[in-house]
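You will see two complexes here that share subunit A, one where it goes with subunit B and one where it goes with subunit C.
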Partner chain A sequence: MQDLGIRVLIEGNNLYRLMGGLLITIRIAIISAIISILFGIPFGIVMTSKNKLVRFVCRTYLEAVRIIPVMVWLFIFYFGVPKLTGIHIAGDVVSVIVFSIWGTAEMGDLVRGAVTSLPKHQKESGKAIGLTNLQIYSYIIIPQSIRRLLPGTINLVTRMIKTTSLVVLIGVVEVLKVGQQVIESFVLQSPSASFWVYGFIFFLYFIICYPISLFARKLELRWKE
Partner chain B sequence: MALLEVIGLNKYFDGFHVLKDISFSVEKGEVVVILGPSGSGKSTLLRCINGLEEIQSGQIKLNGEVINEDSTKWHLIRQKIGMVFQSYDLFPHMTVFENILLGPLKAQKRDKKEVARQAEELLNRVGLLDRKNFYPRQLSGGQRQRVAIVRALCMNPELMLFDEVTASLDPEMVREVLDVMLELAKEGMTMIIVTHEMEFAKAVADRIIFLDGGEITEVAGAQEFFTDPKTERAKNFLNIFNFKEYKKGVDNNEKI
Partner chain C sequence: MDIGFILEISSLYLEAAKFTLKLASIGIILSLLIGLFCSLVNYYKVKFLKKIVNWYIELSRNTPLLIQLFFLYYGLPKVGIKLGAFTCAVIGLAFLGGSYMAEAFRGGLEAVSKAQIEAGLSIGLTKAQVTRYIIFPQALAVSIPSIGANAIFIIKETSIVSAISLKDLMFVTKDIIGIYYKTNEALLMLVVAYLIILLPLSLLLTYIERRLRYAGFGN
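This part shows the complex of A and B:
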């Protein structure tokens, strides 16, 4: 049989299916990233607390997320939690939950780093002009931290997009899984299918992540002025 | 009634007794300079007065009202006590004007037009009106400190605290900052100043408080303190700044 070559991508509704898979990947990544940033900022600020107990709890959460692989978290929520509670959560929801737990912890640590790297005098100057703590954070600490946060946050978001490939393991059909299905059904007609399909997926990841990096670089340059 | 009254203030840092039973008062319109060797607790004392440091015992009264209770809303008290620090402490992401307006607008919720007018007038007085839209990094150290002073003044404080504001400036910039402070003193601003500039202290102070090892060892009028210090420690301290005995080419050992 003649090899379809690159045409495997447009054969049948393959392209449509791959794009559908990509959409699921992006949706999980974007929703998780937004949740992570929203929760990560306050979490990071709490991490700078002087209270030892508060710091201990935050630290434990962060370390737990770092030590336990994301894959294990996915299994815990997808297979473990239903056994324990009888509540079954859909795979894509589990993905968003796990990625948000992971992202919030990582984002929090980035925020903590950015906030503590500001000179102590910035906060004290804010106090000295009679601002409340909330005002100090909203007008002084957070605006200055955001610039320091940018590189790390972009890195985190691209890592999240890439790590979504793990959700296959709990049955979510995202772009990589669609790719596998396409390869499986076309491998006889087109032995080189895996090259073209995975190559295309590589390209898809690239065109999502690269603009994000470009955008970050542009912002950084603009803020430097 | 004194504007500020400190009664029996004690402060510990990790068990180390940094301020020992400090009591003094400052009248309205008075300029008090705190002198003493480094590590004697001068800066810590200033920081206690506007609540940047907790104290373990004693009272601080502003206009007769105790301000160091648990229920104290420090952010309200600090609107009445301006403070300028040693390090350049302007907010780097804001222009000079935004730096000055932040406190009056957000903390005091004053009218923007009125505050802007006052800010321009103050900037003009310190000779920096043309820099109002500059960012702090575009200014020299001396200019930044003058802006920091304006930022504190724009809150209309009743008392100003200056914590070694010229200590990290290049020598040629010290004068421009000290001149602003002398001007303020002349206008009757109540000030507590920590400084190492002896000549400036002599010129600006109504009273000198000498702090050594966390204790007030001498309180005297400026003239009296510099010409006739009562305690041995103050004498030794003042002698550090006396270079007359050390002339080039003279072997100091011979004298002994």
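This part shows the complex of A and C:
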């Protein structure tokens, strides 16, 4: 039988299935990114606190999340937590939890960087004209920080999309797993399927992440002045 | 917790940790070479090569390592390129790390002021000598913190090579969970192993960063 070659991608509903798989990864990434941004902003502001104990706790959380590979965190939550508590959590929920914990730490560090990079007199001038702390943050610190924050945050989203490819290793059926299924079911008609399918997935990730990181770089350049 | 069991499996983890370190060191060295090459090509604006290098950097930065490994290990043999799992992992890590290292070097090279180069040329040094004795040492000092951070990043990225059946720390852990069902012990050892590898490096990096800042500002 003739090898289908690249046509394996459009054979039957393969393309549709692969895209569906990709959507699952992207959905995990986007949900985690939203949670990370929501929790990361207050976390980052707390990290700039003058209280030593508060700073120590935040620092420990950040470093603990950073030093252990994400893959290990996925294992801990997927294999360890059910063993300890007896509650089984589905792979995609585990992924969202782990990526949110990881993302919150990273986002917090970005926010901390943006807030501390503002000149001190901004805050002091606010205080001098009698604004309350809440007013200083909502009218002075946050609007100015957002500009410094946005490129980093967009980069974090691409990192999130790239890292969520790991969820296949804890049994979530996403694009790579669908790819494997397609390859297996077409092994006779298309012996070279794995080259085309994995090559296509590689290309898909590039097509998604490249424009986003390009956009982040543009913003960074424009806002540098 | 079963202490006896932990002692029993510790030799397995030692082997796996050695493997992880071996893979990571080869990956880091190759990444450094690729990164240095790419950053120099960009710095001296070598025609044609510059285009290739920039495409490589974009491709490497915008795709996940796991997909790269799957493509190398499962995809390429179908078109006649058969590589061992270890070779694939090394290529994957170098491909990924190279672009990160290139960014690190770029930052360093850009930090060297034009006046330094012109001064070197004006006292009669050749272009190669200026690169070797003036640009390189100064650029390196600036890039070291990001190079260190990238090295740690590459070590952490090795945690997914078990996907192409290499016997690293993750592989051993999964094996032990599967065979003995001693999840807690296996995961504890996994975390401890990574901490033993990464914590000293991370502390060293913080120390170097502080020293470099002192060197820069003189206080």
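By our rule, the second predicted complex is superposed on the first by the 210 of 225 C-alpha atoms of A that agree within 3 Å, B and C clash if a C-alpha of one lies under 4 Å from a C-alpha of the other, contacts with A are read in each partner's own complex, and residues count from 1 in each chain.
We adopt the following convention: a contact is a pair of C-beta atoms (placed from the backbone, for glycine too) under 8 Å apart; a residue touches a chain by one contact, two chains touch by 3 or more.
Just so we're clear, the structure is a prediction, and the values are computed from it rather than from any experiment.
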First, second, both or neither for A:56, with subunit B first and subunit C second: neither
Touching partner for A:68 - first (subunit B), second (subunit C), both, neither: second
Larger contact residue set on subunit A - subunit B or subunit C: C
Partner chain in contact with A:129 - subunit B first, subunit C second, else both or neither: first
Partner chain(s) touched by A:84 [first = subunit B, second = subunit C, both, neither]: second
Touching both subunit C and subunit B, counted on subunit A across the two superposed complexes: none
Complex contacts: residues of subunit A adjacent to subunit C: 63, 67-72, 75-76, 79-80, 83-84, 158, 162-163, 165-166, 168-169, 176, 179, 183, 191-199, 201-202, 205-206, 209-210, 213
Interface residues, subunit A side, partner subunit B - complex: 119, 121-122, 124-132, 135, 139-140, 143-144, 147
Subunit B to subunit A touching residues, read off their complex: 50-52, 74-76, 78-79, 82-83, 85, 87, 89-93, 102-103, 106-108, 148, 151-152, 155
Subunit A-touching residues of subunit C, taken from the complex the two chains share: 58-59, 61-64, 66-68, 70-71, 74-76, 78-79, 156-157, 159-160, 162-163, 170, 173-174, 177, 183-184, 187, 190-191, 194-195, 198-199, 202
